[in-house]
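Common to both upcoming complexes is chain A, partnered first by chain B, then by chain C.
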Partner chain A sequence: MAKITLEHLRHSYMANPPTEADWALRRLDIDWDDGGAYALLGPSGCGKTTLLNIVSGLLKPTEGRVLFDDLDVTDLPPDQRQIAQVFQFPVIYDTMTVYGNLAFPLRNRNVPEKEVDQRVRQIADMLDLTDRLDSRASGLTADGKQKISLGRGLVRSDVNVIMFDEPLTVIDPHLKWVLRSKLKELHQEVGRTMIYVTHDQTEALTFADRVVVMNLGEVVQIGTPVELFERPEHTFVGHFIGSPGMNVLPCELADGGASIEGHRVTVANASALNEPDGVLEIGIRPEFVSFADQGLPVDVVRVSDAGRYRIVDTRLGAHSIKLLVREGESVPSERAYLRFDPERTRVYCDSRVLT
Partner chain B sequence: MSKTVNQKAWFFVLPVLALVAFNAIIPLMTVVNYSLQETFGDNVFFWAGTQWFQDVLGSERFHAALGRQLLFTFTILIIEIPLGVAIALAMPRTGPWVSVCLVLMALPLLIPWNVVGAMWNIFALPDIGLLGHTLNALGWDYNFTRNPGDAWMTVILMDVWHWTSLVVLLAYAGLVSIPDAYYQAAKIDGARPWAIFRYIQLPKMKRVLTIAILLRFMDSFNIYTEPFVLTGGGPGNSTTLLSIDLVKVALGQFDLGPAAAMSLIYFLIILLSSWIFYAVMTRNEEW
Partner chain C sequence: MALELRNIEKRVGAESHIYETNLSFVDNGFNVLLGTTLSGKTTLMQLIAGTDKPTSGEVWFRGTNLTQVPVQKRNVSLVFQQFINYPNLSVYENIASPLRVAKISRDEVDERVQRTADLLKLTPMLGRRPDELSGGQQQRTAIARALVKDADIVLLDEPLANLDYKLREELRDELPKLFADRDCTVVYATTEPTEALLLGGHTALLNQGRVVQFGPTSDIYRHPRSLLAAQVFSDPPINTASVQKQGDQIVLSESVSWRAPDRQAALADGPYTIGIRPHHVLPRDPGGDSVAVEGEVLVTELSGSESTIHFDLAGSVWVSLARGVDTFKVGERATLYADVAHALLFEPDGALVAD
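Coming up: the complex of A and B.
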């Protein structure tokens, strides 16, 4: 059990990276508290697996340090870090039984056989594997195998952190949900730190207490699912989380306020609007846009039904603005006016929110 | 899941079937024909029944050749398989040396069999061969043309040199196909090198090793050219393996009937043992 600190972390797979883009991780400082459930969320190639491998010790960072509590583990191999990892594809020892698989990490560490038996049965019980203990691990389905991988991390009492590298990739859709809630349940039961890497926002937001959103080798925001949704600090977070993603519209400053195409918009971070240098944009989620009697004049282009609400696509000059309208509410045809919720409208400068 | 059976598919197999018939089934049936009859040439045949089979199965000469054959095959398998796996484990998985190693390994396989025999013959000659001369200079009275023990050692050494590469290449292919995650998981689980070999590498290599053992078994059981060129089956009959003996009977003595019966017995032994071996190795598998 430990608090994990990543200090000034940088990593490149090249010996002498010539440009900034050759760094898989550009600069990271993260603190993970003991016992938390964290998710690393980002598109493919954003560096999240690299980060995970650095924490587990499979990779040594080019620069920076990894601390478990106050112990510098940067140079320690995985087996000395007391970590566990569940991989994208289930890793099981084919020739062993389920019992043998779960006992393997303990036996390698010369734990007395009596204690092994006790731990294995306890963990098998947690994972609903008790009735399969004596069958060959290779005969199990993908979700069963993934449970075994997880179990091999759980049996060890000394594990600092359990890491998951997109563990549900090969699981059938209807079982994903089951396994995900099982994971959440297990986290509450064992209280271990868990770090969950995924590119699926639903998985990240349902599993984690705090989500680290990454893009292009950088952390763009760390926050609770609610914070990420209501207060995205970066337009990337706005795009990547939520469906449909946040509306991002170019804006200009006039008379100390922000406006789009000459139409004044009230924003939440108006106090920060003093002569910012960079590309200015306004971000607002479709959930916080509504039709009104006056406001931004738009043309309704398309309405798509998404079940409990409808996604309305509108146009303001060259820009598209999406909004959500609940089932049963009417949608004006052609010309209409939009109102942005001032509390949820923010100005971004070079993609970062102005503060 | 139930499988759909489409009988029409047999039509597509017909051309292959015809080909196989002409180059395997019909020649085989000719041999069956010879094995059941007696002939003195001129295409005159007399029915002999199972006489030749009884003769061959009861002959001490056949027993001795079969015994030598089994000893040879067993010895080379016991050497080549572990050695091949060990070399494959020692080979680099990435980097520029991979192709160098692979080419080096493939070289012996590219050499024609009779050339291998001739090479080793010269190599092992006691007076002028590098190996033979060196051994004698070291004080070992080595002479593979005179001493049966030396002849055996040389034949086995030659086979190991020629064919271990095949096992290496197959085992290596099995090794590189193991995803990295397995090694990473094993590291995290604290597995030591022996445990990694025992629980990851060996199980993952099982399929290719099954193929390797099967191929080496069949090939070594069939082996003819190399020992024939090297020792000619001698000294005496000491390295006369089954195939060499068969050729002696068929072409040396021109006993077509016994030779045909012997071929069939030989063929059935290989077929049966390969099948048993394969069935045992794969009994718990779904292929």
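Coming up: the complex of A and C.
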């Protein structure tokens, strides 16, 4: 087990990257505490796979260092880093039994048979595989096979970190929650450092205590699920996490306050509005907008029924503002006024929240 | 006169893919087919398109029997889950291709391609080839090709299934608007209840080759005719349990019972099945007539804007769906609050009781 530190990390696949956009990772400093459950979340092309490969040792970063506890492993190959990985597709030996598959990573490292047996039975018990131990792995369903992959990742007691790369891709949507439950439980039981890489926000937020959100080769926020929902630090986080995503509206500053199209809006970070230089926007999630007797004058243009709530699309001039209305609450027909919850309304400058 | 399926049946060998079905779609409307994989959605689409023939029964469109009309002579457009485009043609030529076949004048082709590309936000990509586009843009190209030829019937078979969730959200929002003013009947297949709700229009619920219910989407969601209809149209799954009506009480277990709401007060005593949607079971007491139930938490899934709590209630899995971020540990005992005023009651045979 280990604490993982990524120090001033930068990486480019080009020899002499001419522009900032040619860096797959622009600059990263992350500390992963020993025993934590983390996720790396971002759309395809955001740099998360590059980062994963740097941690596992498949890729050497152009700049910066990787530390496991205080040991610099930047130049160590993968097999000397003591890492377990679980991939998208089950990596198992079809001709071996479930027992043989689980025992393989231990036997491969010459662990005494007595200890192998003890570990295999312990892991099989956690994964509800005990009664299948003597079956051929080839006879299992996709989720059964992926459980073995998880088990192979967990069976070694000497690993520094277990990394999961989109591990539930092949699992039937109706069964995903069962494996998500298993993964959470396993982390609670073994307390090992785990890093889960995914583009799916539900996967990331469900698994991790802290989520690293990436976009365009940069970390845009590291936070708990509550923080990412309630206090997005970057407009990308507001957009990418949550459905529908955060409303982002151009704004102006005047007299120490913010306004949209000339209408004053009370914001949570008013004290930070000191002559910022850049593009200014207000961000507010649809969950925190409501209809009121006065406020921002809008036209209601469309109502979509999601069953448990309705998504109301309104227009303020050229700007769209969405809000959620609970089942049973009424929606004004044309002209209406909106209230933004002041605690949940923030001003962003060049996409980053002003602090 | 609309698109109609009259006594249609499809058998392959001894297996029935579609049992005898009568369905009259809404003319010029947005019609959704909702059901799991293998429920018969794709088979129905193929019968409408003419790429497959029914074992018995007829397909009618606006007073014409199409059953013997070959696929090329039916004015039908198709969009599939996989993005299907001509890889060696530009986006412009891909969109234009159905018009080239129909020998339409050059000027009119150009006018229609430009208009359709504009609608689908593809104008800047017209000169590119499909492999230079993102997945979302490739599917937009396929949808543009389906729109450009002004087909009478447009069939969309899970068109968003291969897109990541943010792109899915964006296109799902646009699709009903694209078809709103067009003279065509749309049939859209999906496995996702929330997608069906947000698309609106009318929905046919499919289960194992039978149409369980058909009607305006919001109506049949709120007034399912049977337990099966409620189950097909619920994501996460609707919570069910056996209950007894005894006098003015509805009894779930020794420790949990409540006074029957007025609309259920006159029911005869005896066994029923209760159905209660996940968003009517909450982790915090909403007040009113809610009833506390206790269970062991299996997992809490977080989507960013909602929390889905799976818990074990006396041996069956129940699900709570709440706004915001609520986390419980796996294995924790939790009290949840069921808003029984919104519960549906079904007869032992599954029929909804008077509502």
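Here, the second predicted complex is superposed on the first by the 355 of 355 C-alpha atoms of A that agree within 3 Å, B and C clash if a C-alpha of one lies under 4 Å from a C-alpha of the other, contacts with A are read in each partner's own complex, and residues count from 1 in each chain.
Just so we're on the same page, a residue touches a chain if its C-beta (ideal position, glycine included) is under 8 Å from a C-beta of that chain, and two chains touch if they have at least 3 such contacts.
What you are looking at is a predicted structure, and each value in this text was computed from that prediction instead of being measured.
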Joint occupancy of chain A by chain B and chain C, clash or fit: fit
Partner chain in contact with A:16 - chain B first, chain C second, else both or neither: neither
Which of chain B and chain C A:104 touches, first, second, both or neither: first
Contacts of A:305 with chain B and chain C, given as first, second, both or neither: second
Residues of chain A touched, compared between chain B and chain C (which is higher): C
Chain A-centred angle between chain C and chain B, computed on Cα centres after superposition, in steps of 10 °: 80
First, second, both or neither for A:243, with chain B first and chain C second: second
Partner chain(s) touched by A:355 [first = chain B, second = chain C, both, neither]: neither
First, second, both or neither for A:94, with chain B first and chain C second: first
Smallest distance from any CA atom of chain C to any CA atom of chain B, in Å, after fitting: 5
Chain A residues within the chain C interface of the complex: 43-44, 173, 177, 180-181, 184-185, 188, 199-202, 205-206, 225-226, 228-230, 239-245, 285, 287, 304-309, 311, 327
Interfacial residue positions of chain A with respect to chain B in the complex: 56, 58, 77-79, 83-85, 87-89, 91, 93-96, 104-105, 108-109, 149, 152
Touching residues (chain side chain C, partner chain A) in the complex: 164-166, 169, 173, 191, 193-194, 197-198, 200, 217-218, 221, 277, 279, 298-305, 308, 310, 321, 323-325, 327, 329-331
Contacting residues of chain B [partner chain A, same complex]: 179, 181-182, 184-185, 187-192, 195, 199-200, 203-204
